[in-house]
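For reference, chains read A, B and C in written order, and residue numbers begin at 1 within each chain.
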Amino acid sequence: MDEKKLAIIATKGSLDWAYPPFILGSTAAALGYEVEIFFTFYGLQLLRKKLSLEVTPLGNPGMPMPLGMDKWFPVLGTALPGMQSMMTMMMKKKMADKGVASIDELRELCQEAEVRLIACQMTVDLFDLDTADFIDGVEYAGAARFFEFAGESDICMYI
Amino acid sequence: MDEKKLAIIATKGSLDWAYPPFILGSTAAALGYEVEIFFTFYGLQLLRKKLSLEVTPLGNPGMPMPLGMDKWFPVLGTALPGMQSMMTMMMKKKMADKGVASIDELRELCQEAEVRLIACQMTVDLFDLDTADFIDGVEYAGAARFFEFAGESDICMYI
Amino acid sequence: MDEKKLAIIATKGSLDWAYPPFILGSTAAALGYEVEIFFTFYGLQLLRKKLSLEVTPLGNPGMPMPLGMDKWFPVLGTALPGMQSMMTMMMKKKMADKGVASIDELRELCQEAEVRLIACQMTVDLFDLDTADFIDGVEYAGAARFFEFAGESDICMYI
């Protein structure tokens, strides 16, 4: 029997949205899936050797704010300098306290499980990104390459 | 003939992005699909008994602003205290005026149509959410449980 | 052999998120896929004859800021009047400099390749949109129509 296939397009580059592709990718790989993640647009941030991902409550009313902070800083407060850094620090601490692996660790887990990580060549060119900044083991290709695998996949997700 | 299967991952917790999973889920169920929605990250907000979802124009230049408000309050105005509450109130009123069901009603419709609602246990633990706050009839499970169904689905959507 | 099928739901209405549906749609069509894009919520902005799409760094810490602008205007600066227009102008210029087609051109490419563009009738009614503002060749239909095609698709993406 053929193994199942999972195709993911990762387009976001914030700390919170960095988890889904790597958690879903590594979980599927552990379940025996063949997995390919295509990083494009802001998603290329997730392939940097030195990650500097941040999270913001700005424009996301669905984010639970710790300590009732939303009462003290209603909306406008979320735009204050320092708030983004503070939320990023708090999210990382919470993940660590709860035993959730960091993005670095989840990404490594994906690579060990032979999840293929593909960087969108067009976006690399567009933003003049330096591929020396990216981790080893990444392939560079275009959207056509993505369809080759996605067209045969059992699950395809645009994140 | 087997019935079709729709798998949805609901990750957003704002008022506007609460509609797609419940509208798509209930429509598919009405068409005879077997439907499962996996709520994770901010999406868990959609399972609260007492919903307090909001919508914001912040960071969403695609949102049509009523009454030419974007002319009076260019961008910075969208961060003013009170703007988020006002937009939330206006969106709810518009939906009601147009005869669109509320999120509470759409969610109930889903449950009546036997759409399975699954809460991501990891996120519940991570944000220390109290499951007593959630509606009845929700299952609690991990990502592996999601793949069981999604791997057999005809349509899978990450919202 | 049947041709492959790609179904897309386009829900976003900003300049950056206008690219994925049209790039993926036209690429897939070029590869021989039958493609259908269902425009709903803010995604309907992408069907206007006269596009006025904008992009904002607000709420998107994953966006690379040019010229180290994030050092001069930390977070709060992204809410300044004029920033959204400036980022929009810069993104359009960058795309043009790099030879990436504009949204107008990509959309035309899709239509020439017989990608079917479908506008969500419910959203049109909800926001009192005037269909005279939309390009020719668009079909108007509901979610049930979308499932007809998506249920038979090889790839389905919610953007």
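Convention: contacts are C-beta pairs under 8 Å (C-beta built on N, C-alpha and C of every residue); 3 or more make two chains touch, one makes a residue touch a chain.
For each chain, UniProt lists the protein as follows: A, B, C = NADH dehydrogenase.
As the structure is a computational prediction, the values presented were derived from the model and not from experiment.
Look at the contact of chain A (NADH dehydrogenase) with chain B (NADH dehydrogenase) and you find different residues on each copy: under half of the numbers used there are shared.
When the CA atoms of chain B (NADH dehydrogenase) are superposed on those of chain C (NADH dehydrogenase), the rotation angle is 120 degrees to the nearest 5. Averaged C-alpha coordinates give centres for chain A (NADH dehydrogenase) and chain B (NADH dehydrogenase) that are 21 Å from one another. Touching two or more other chains at once are residues 58-60, 79, 156-158 of chain A (NADH dehydrogenase). Per the touch definition, chain C (NADH dehydrogenase) reaches chain A (NADH dehydrogenase) in the complex via residues 4, 16, 19-20, 23-24, 27-28, 30-31, 33, 58-64, 74-76, 78-79, 94-95, 98, 100, 154-159. Interface residues of chain A (NADH dehydrogenase), counted against chain C (NADH dehydrogenase) in their complex, comprise 7, 9, 11-15, 17, 40-43, 45, 53-56, 58-60, 79-81, 83-84, 88, 122, 125-127, 143-144, 147, 150-151, 153, 156-158.
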